[in-house]
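Once you scroll down, you'll see the structures, which are given as structure tokens.
There are two complexes below, and they share chain A, which is joined by chain B in the first and by chain C in the second.
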Partner chain A sequence: MILKVLNVGKSFNGLIVLEDVSFELETGTITSLFGENGSGKTTLFHIISGFLPPSRGKIYFKGESIYDKPATEIDKLGIGRTWQFPRVFKNLSVLDNLLLASKKHPGEHVLNYLVNPFKIWQEEKKRKEKAVRISYDVGLSDKLEEAAGRLSFGQQKLLSIGMLLINEAELLLLDEPFAGLNVIMVDAISKLLLQLKEEGKTILMIEHDRKKAKAISDKVLYLTKGIIREDVGVA
Partner chain B sequence: MYAQILFNGLVAGLLLALVAVGFNLIFNTTKVFHLAHGAMFVVGPYALLQFIDITSGIGLWAWGGSVLLVVFLAMLIERVVYQPLARKRSGQAISLISSIGVYLFIVNLISLVYGNETKYVDLPLGGSFSLLGITIIPVQLMQLAIALLLIIGVFILMRTKWFLKVRAITSNDTIASVLGINTEKIRLHTMVLGSIMAGIAGCLQLFDIGIDPHRGMSITLGAVAAVIIGGQTSVKGTIAASLVIAFLQTFTEWYISAHWKEGITFLLLIAVILWRTEGIVSFNIRLEER
Partner chain C sequence: MNYFLHILIVCEIYIILALAMNLLAGYSGLLSLAQAAYYGIGAYVSALLLTQAGLSFSLSLLGAICFNLIISFPIIWFASSLRDLYFAIATLAWQIIVSAILYNWQAVTNGPFGIMGIPKPGFGGFVFDSLPSFASFSSLVTLSVLLFFIGLHRTPLSRCFLGVRDDQLAMMSFGKKPSYFKSWAILISSGVSAIAGGLFAVYFSYIDPSSFTLDESILIICMVLVGGLGAIRGSVAGALFYVLLPEVLRFIHIPDSIAANVRMMIYAVLLILVVMYRPYGFFGKYTFE
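Moving on, here comes the complex of A and B:
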């Protein structure tokens, strides 16, 4: 088990959004999270990824409590997320977007260049090679030098998934990965998600297109009135 | 004659580029229209004058003291004025007014302490000499060498991951924070780096035409024009535009009148933004993403 959410609740000024949410995710599986608009799906993502603190409950990632950890720390532990509208740097190239998402560059500190420029150069070269490899995985290898703002909406979604992969996230929280995309793009993302599952990544995705999501999911969670119900073995 | 104008324009252009690149870095990361940059242009030379007095000579201590004072002041402005305003999500108009306030406060303080007359430092570098028909003052060679070194330094910095983070914040500081980039730290870095560049440019002018407390605003306005003409996010565009502006100003000074040089600069600015609102160097992104 990679993620355990136990009796999580969230309310805003007395308005209860999440009543009592409990579920577990197994490593290397795809889980879809369905629910009406305003049912608290994105709030749940905010809580798991550390952008919002829960009002109560417990959350464990690989056995470690992440209940009160900030988003940047949770990100470092291996939980990455995308947003309903892709958050990419539109003025930067696809390659620069991927490089920025990869953490802990020795070249972040300018003084390191003066102390050991050769080592930094080698390290940066390795990271660039990795970014190029990931661009192949997400189907953007021919767009590496293109500004992200030139990509279509679907390609920007692929780029945001690539940005999670370069950061070696183990659990991917994807907010509506199929929304607003044409059939070809939906197929491309479905194929990528199945490939990531084969590689051992765990995926939890919010999706409104139940048919397409169910087709690739191992488990489906329904969030209704702040409570989770689950169906197993839908794929 | 033309060679002389080109040489003078090159030296003036590189000095303007130092101020403009500094303004570019600060503006793009902090989103503050940092007119107090003009104050840093005069703080550097006045601090240098003070440290020359204290250390009885223009050595490393005097230069170091001047740079340290500029760094301290830049950090103070960022921490006490700009960052609190950014945390309160105040708009650009508020930060612009604050910046003008900071500029006036610093310049008035310098006027009060040192007076309004122009100050010079005469370096013992010898008299002018002639080369290929160009009359060269040794101070100009020093200005050329130091400005070039600093600009080369900026180009090296532009190849680092640190600068990629600067570009990320320029593009979208919210996404940068989501990705774990410490935006406040990077803002502080660019504020310090940009101010050092302006301060050193001011010091270089101290050895040539001299400096007075109010000299910073006109060069900062020239720098703003260079940043806009060159394309707001492009350092290379800013340097190229600084050179073009300086050549144009030198030609104007030579053939028309020194009084016209700023007017001509802003005519060029208006012409460029009417032609390309985003400046000469810009990113080609989808219409709906702009």
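Moving on, here comes the complex of A and C:
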């Protein structure tokens, strides 16, 4: 078990969005989260990834309590997320977007420039190679120099998945990865997700396309009226 | 000849200021209106260390840079707690406070009378007191600053500054603290502004608070905006543009009594035109939304 969500509740000044949410995710599985518009799926992602504090409840990642940790810490522990409306660095190239998503780059600490500048360039080179590899996985290899803001909506989604890959997240929270993508790209992403699962990654995704999502899921969660219901073994 | 060397030196001082501003506004999305405050503090600290403590220019400049780093804390604090327009307004207030201190803390700054008799810099017995020698010296300093920024531009660190500018939440979701990068951008920018202040002080041998007011901050921002945010050559071009423009206007023979006002109006009109028709400035890569 990699993630355990226990009795999480969230209300926004009186409006109860999440009533009592509990579920667990096993390592190396794909889980889909379904629910009506406004049922609180994205809110749940904000809470797990540390962008919103839960009103109550506990969250454990690999046994460690994370519900009160800031977003930056949660990413470092290995939880990566995408956003329903992709957040890419619009004025930066696709390559720079990927590089910015990579973790623990020594070149991001000012003191390292004094202590060990050589290491920075070594790492930069390694990470560039990796970024290029990942750009092939998400079908953006011919757009490396393009500003991310000029990519189409679908391409920006692909890029944000690529950014999670280079971020080396163990648990990927994907907010509607298929929405706005054409059939070919949906199949490509599905394949990519299955391959990530083989590599031991855990995926929790919000989707409205139930058929496509179920096709690759080990488990399905339904969020209705602030409570999670679970279906196992749909695949 | 002397006229051109004088213009060159003034251009260089503004190039340094514009480059420092560009790191804030262009790279990190921090529209600070207090750049002239750091320019001024840099000039005053170097001038005081030169005249009162009798230190050499390099030591005085080092002192001024360190002092600016320490006194950057209000801007760092604003940047970590305020966004966009609120940040700009807070820095505006800070600029006005610093101006007021320079005018009124007579015991240290000598108030509106300023500090006189600031000695020229020297190196191993040679003093850069002729205009050509000083111009070479200031060119060397400016070139070093320019190379520093070109080098910085290629580092992963500068990518993080740009990332903070584009999307802070995304930065956080990748484990990077926006406030860390904002703080460093602010520190580097104020440190570099001190260099411009030091050069100004030793070049004119005289400083008073009127050179470091809010007007000056706005001028520096205009340079960066017109040149283009986020582009190093934009900052250089913007500084040249704003320093050379009045010199060109001089040849049109506007009566002295209204020249200053006409100049300000032309600045303003040009800025409006640029914002309307070229939102990216001459070479910009980014525009405030």
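General observations
Note that the second predicted complex is superposed on the first by the 227 of 235 C-alpha atoms of A that agree within 3 Å, B and C clash if a C-alpha of one lies under 4 Å from a C-alpha of the other, contacts with A are read in each partner's own complex, and residues count from 1 in each chain.
As a convention for this text, a contact is a pair of C-beta atoms (placed from the backbone, for glycine too) under 8 Å apart; a residue touches a chain by one contact, two chains touch by 3 or more.
Everything numeric in this text was worked out from a predicted model, so none of it was measured.
In this superposed model built on chain A, chain B and chain C take up the same space, so to speak, and clash. Contacts of A:150 after superposition on the shared chain: chain B is touched, whereas chain C is not. Residue contacts after overlaying the shared chain place A:101 against chain B and chain C alike. In the superposed model, A:88 makes contact with both chain B and chain C. Touch criterion not met for A:194: it reaches neither chain B nor chain C. Contacts of A:16 after superposition: neither chain B nor chain C is touched. Touch criterion not met for A:179: it reaches neither chain B nor chain C. Of the two partner chains placed by superposition, only chain C is touched by A:80; chain B is not. Touched by chain B in one complex and by chain C in the other are residues 71-72, 75-76, 87-92, 96, 99-101, 103, 105, 107-108, 110, 113, 124, 163 of chain A.
By the touch criterion stated above, chain B contacts chain A in their complex at residues 156-157, 160-162, 164-165, 167-168, 170-172, 174-176, 178-181, 233, 283-286, 289-290.
On the chain C side of its complex with chain A, the touching residues are 155-157, 159-160, 162-163, 165-167, 169-177, 184, 230, 285-286.
Residues of chain A touching chain B in their complex: 71-72, 75-76, 87-92, 96, 99-101, 103, 105, 107-110, 113, 124, 147-151, 163. By the touch rule above, chain A contacts chain C in their complex via residues 49, 51, 70-73, 75-76, 80-81, 83, 87-92, 96, 99-105, 107-108, 110, 113, 120, 124, 163, 167.
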